[in-house]
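Next come two complexes, and both contain chain A; in the first it sits with chain B, in the second with chain C.
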Partner chain A sequence: MIRFEPRTERDGLWTAASFAMAVVAGLAVSALLLASTGADVGQVFAALVQGAAGSPKALATTLVKATPIILAGLATVIAFRAQLWSIGQEGQVFAGAMGGYLGGQVLAGMPPLLFFPGVLAFGMAAGMALGWLAAQLRNRFGVNEIISTVMLNYLVIYLLSWLLQGGPWGENGATISYQQSPMLPEEAFLPALFGSNRLHAGVLLPFLAAALCAVVISRTPLGYEIRGLGYNPEALRHKGVNIARTVTIVMMASGALAALAGATELFGVAHRLRADNLIGLGYAGIIVGMIGGLRPLGTVVAGLFFGGLASGAVYMRVLGDVPASLVPAIQGITLFFFLCAGVLARYRVVRVAFQ
Partner chain B sequence: MSTALRVEGLTKRFAGVAANDDVDFDLRPGEIHCLFGENGAGKSTLSSCIFGFYRPDKGQIFVRDQPVHIASPIDAIRHGIGMVHQHFVLVPEFTVLENIIVGTQRSGWRLNAAEARQKLKAICDGYGLDIDFDAYVWELPVGRQQWVEILKALYLDAEILILDEPTAVLTPAESRILFNIMGKMCARGLSIILITHKLIEVMQSNRVTVLRKGKVVATLNTVETSPDELARLMVGRAVSFTITKPELKPGETVVAVKGLTAHGHWGEAVLKDVSFSVARHEILGIAGVAGNGQKELFEVLCGVRKAQAGSIWLMDEEIAGLTPRCLMDRGVGHIPDDRFREGLVSEFNVAENLVLGWQRSAKYRSGPLINSKAIAKLSRDMIAEYQIATRDEKVAAGKLSGGNAQKIIIAREFRHAAGLMLANQPTRGLDVGVIEYVQSQLLRKRTEGFAVILASEELSDLFGLADRIAVMFKGEIMGIVDPRNTTITEVGAMMAGRRQGTIQ
Partner chain C sequence: MNQLFQEAIIVSILAATMRTMTPLLFSAMGELITQRAGIWNMGVEGTMLTGSFAAYIAATTTGSLWLAVLAAIVAGALMGAIIAFMTATLRVDHFIAGLGLNLLAGGLTLYWFQSYIQGRAQPTFSGFQDVAIPLLSDISVIGPILFSQRALTYVALLTVPLVWFLLYRSRYGLELRCLGENPKALDVKGLSVTARQFAAVMIGSALTGLGGGFLMLGFSDRFLADFTAGRGWIVIVALIAGNWKPKGVLVTVIAFAFLEALATHLQVLGAPVPHQLLLALPYLASIGLLMGVRFRSGQPTRLGIPYKRE
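Now for the complex of A and B:
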């Protein structure tokens, strides 16, 4: 018989082993699922790997797909570390794209060195506004941030819907509405890297943002307060930390990061404002942040993994002949096993003799 | 001689460190046997091994002289061992009866309440326990909740009862009742292991086993020993119980409180027209039964609670309504009574906790970043100065014993405060050795010229330390007395509502 005992100290090797087991178990269960559809499992996985990392083009796609997910994941990390359970990343991604689009109209014609930082700042400001609102609701009226952010998600998503259909941002001259804005002018596309036609400069942002988050969380007084807020707000209040102010800062920072995902997606990938490109990115970010153990570096790794899955999905569907809807299923299975690994890492297995 | 329980050569290691090292222990039928030692001496580890929470690495446990293997609390209960924890494991929304029978039924899905009620009635009658089985646990005072825990063990036919620091949460009167009940239980053949670090309780037991650093130092008949000897055995050196307080003339007034009134959650008055002042070189003691406004007074003074009326002057400045941050910057130090909730972040390490509240201070930063090198160095100095028992400054504060956690708070507040020190129950739940240390530190601050406000439920502490004692009852100050010409009995009467002495 075996028994689980809580560990008193972290064991790096055991943690790594737990997550390795999670990958193996996740792949095994995914294989069962694939096999049940009658697909050739080996071929499907080969296609997945091929599509995720099989060529420079595939790697570029993985990076591009991972970019908004990592950014939304970092938004999750910042909020959840403070034990603020913001689910507003989805709406903030939308707000980021909308703010960015507005910025694009305001700043049209500016030189690129002003234009791109400017539009990203516009997008981030929109996300920060949403975060600020949820923080005020919590600080002033005690509204739970889960409720307020979920409700704000609906508000923002339907606002975009209205703006594009019948509202001022819909595509001009279209007889039927596609719920999308006109194409951005080409000078508003984020510049490409290495002459690639898909690898836009925005893919650098998640890495910069992750580094910044890591430094802020672990090395600055603000990060100290964010972690402390998550552990024991009462002690912080007694020791002079303004809890309401810290909550506001965290929610605004989280909103800004998620919004950056939306703005990057608009100027780097979609090049026009439409919901299809944005939907689900915020929620994927929550998953990635959780899988990443609420650490910036872990979130980058988990985000790249998810980006790879998304990019490989296309190949999988074409080469492996399986429905692409299995990809979210595989993501779900992976999440499940990673969460298990997270728990397992905190325990040790002991053998108990039978009596 | 037959034993109710015997432990031979028990060793339990955690990460290579022996928490129990070759421990021999025996419990005779019908005796109260104290396990006495400082926090971290191995008392809890030993009782956890006996009750099946831990499995010993080495050694053998005998129940009624039969070797047994106890792999879990279920095994322990089967062998007639019951345990009452320091923190109760009760469901407040359940009645007394429900709390006892839910989860303790031997078999089946049906709760047989009538039968259980009868059995419990017999137990209660036998020990003279008067408790309403249909009262909700949340309605009961803490002392009665403890009875429920004891009843639970007796209901499961325990013959050996382990009580883990049972008086930590009780008032002196409740403690007396508990010892009364324990006496009756022993008279009826029950054997009790009493875990404690209070000397006054040890002296009421039959025998005592003193543990230090995981080893048994001595097992003695209580009548043949003395508190001084026990304290020396526990700490490993002589402990002075008499506090020597230097004669100092009070200086200028540091803090003056006038007509302070504060309301609780439901608008009830928790502080009523409280006035006093404290000068440099002076310790003002606050006496009172817990829950008579002491906590609220400290909260108002350190800025986490708003007062509805009244004024607080710190030196030449009105400070009522200022935030904790402002007060800390004006030199107010605060040792809260709930150290793990209000004084520390358990998940933070010792170093981080030593700068809690001053994390933005320029001393601990280099540019925008936290200067962890400077903090680590400072922490090592403070760990040495305040004798905090920890492997290093990177250990999480929650892993330390209560006494060492308290030392972190004291070290931090003493380091950063200037002028006024608020100390609410700074020695509660601490070992004799640590108490002596904390008291000497408070006196050191007094000598340095601090004004100190000290609340304690131990009147003997206040009589030893305080220059004046203010007694609180239902949010009011019943009077401020000079301990040199007041008796403990008089203060006790004031704690129950009698007015005496002056009120400034």
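Now for the complex of A and C:
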């Protein structure tokens, strides 16, 4: 017989083994899911790998797909490390694209060195405003941030729907089924790297942002407060830290990161404002942040993995008839096993003799 | 003539309120059972969505609406088992477990749905029709509002006194409330906390799934992505605003349903405001409601705190 006993100390090898088991279990259940709909499991997995990393073009797509997910994931890391369960990333991604689009109109004609930082700042400001709002609702009115951010997500999505249909930003002649803005002018496209038109310069942002997050969390007073808020807010209060102020800063930083994802997606990939490109990015970010163990580096790794999956899904759809929503399904399944593995890593398995 | 028209509209809005209330009420009563047992289940949205999806699949494959109801209940209970396993057995943070469930349910249902309709026209079904209660439904004004509704609407209204009785007048309810207030007392008596939380979450989630099922069978003829559109979160708001009491939750749910019915009617009548603003009303109201509600006296003391034997 075996028994589970809590560990007093973490064991690196056992932790790694737990998460490796989670990956295997996640893949196995995903295979079962595929089989449940009659798909050829081997063929689908081969297509996914081929589409994720099979060619330079596939790798470029993987990076592009991973970019917004990692940014939204870092937004999750900052908030969740402080035990602020914001799920406003979804709405903040939308806000980032909307703010960026507004910035694009205001700053049109500026030289690129001013234009691109400018529009990204516009986008981030919109995300920060949403984060600020949720923080105020929590600080002043005691509104749980999970619920307020969900409600704000819906409000932002309806706002975009109005802006594009009935409001000022719709494409002329757009109908209900075709909600989008006109195409951006070509000089507003994020410049391409290596002359490849697929790989826009925005793919560098997640890596810079992850490095920044890692430094802030582990090496700055703010990072200390973030971690403290997660471990023991009471102790932090007794040290004289203004909790409400920290909550506001964290929510705004988280909002800015998620919004950056939306703005990058607008200027780098979609080149026009529409919901189709943005839906689900925030939720994917939440999954990636949690699977990444709420660490910046882990989030980058998980984000690249799911970016690869998303890129592979594009390729897979060209080949066969497996729906693209396979990706969020695999994400949800993997997240579930990672949550279990996180618990398993804290236990040791002991063999006990029958008595 | 004008007055007749106005009266007809008011009757129609109130009748729609009753119908709109039904799924919210099932799910809210389910979540009330779950939360009174100390599990802060944030997975209501995912549970309702799965219930809706299961009902859709069952209705379109078997053609039987009552089998579809059963499918929604079973799907809800399964979701409850996952939440219970994560929170009561593994003691994962309740918020994390609920969020995880929502993301899992969203991904799985969408994948199965797209696979189901792949390469063909989306199958539809015809949902529940009104059941007019003889004599009573002929009363003017009150008749069409109260006595000419879907059968499950009457059942939903019945769950309120039933849940009240279960919570406050039965031995099981005493134990259940104890799970939320002082689980140690049960443990000391040698009664299993985990097993009871499992039972409570599964029963509660079965009701929540039924709410999602009715949303499908009473309002629609097909499934769509994000079908539940945040109603699971409205249910959580209703619980907080209703101070975790059956009557308070009922009142809040009716208020939300009235708002939604009003918004739909304004939209149809062509009110001079963007329809997005009308659709956004319940979410705006949720934030406003939570800002106003300051009393939390009914919140179970141990809500959301995993029980650990020290």
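The rule we apply is simple: the second predicted complex is superposed on the first by the 347 of 355 C-alpha atoms of A that agree within 3 Å, B and C clash if a C-alpha of one lies under 4 Å from a C-alpha of the other, contacts with A are read in each partner's own complex, and residues count from 1 in each chain.
Everything below uses one rule, namely that a residue touches a chain if its C-beta (ideal position, glycine included) is under 8 Å from a C-beta of that chain, and two chains touch if they have at least 3 such contacts.
If you're wondering where the values come from, they're calculated on a predicted model, not measured in any experiment.
Residue contacts after overlaying the shared chain place A:234 against chain B, while chain C stays out of touching range. Once the two complexes are laid over each other on the shared chain, residue contacts for A:158 go to chain C alone; chain B is not touched.
Within the superposed three-chain model, A:23 lies out of touch with both chain B and chain C [touch as defined at top].
More residues of chain A lie in touch with C than with the remaining chain of the pair chain B and chain C. In the superposed model, A:137 makes contact with chain C only, not with chain B.
When the shared chain is aligned, chain B comes close enough to touch A:220, but chain C does not.
Once the two complexes are overlaid on the shared chain, A:243 sits clear of chain B and of chain C alike. Chain C contributes residues 42, 82, 86, 90-92, 95-97, 99-100, 103-108, 110-116, 118-119, 229-230, 233, 236-237, 240, 274, 276-277, 279-280, 283-284, 286-287, 290-291, 294 to its touches with chain A in the complex.
Residues of chain A touching chain C in their complex: 33, 36-39, 85, 87, 137, 141-144, 146-148, 150-152, 154-155, 158-159, 161-162, 166-167, 283, 286-287, 290, 321-333, 335-336, 339-340, 342-343. Within the complex formed with chain A, the chain B residues making contact are 14-15, 69, 71, 302, 304, 323-325, 327-328, 334, 336, 341-348, 352, 356-357, 359-360, 365, 368-370, 372, 399. Only residues 8-9, 215, 219-221, 224-225, 227-228, 231-232, 234-242, 352, 355 of chain A touch chain B when the two sit together in their complex.
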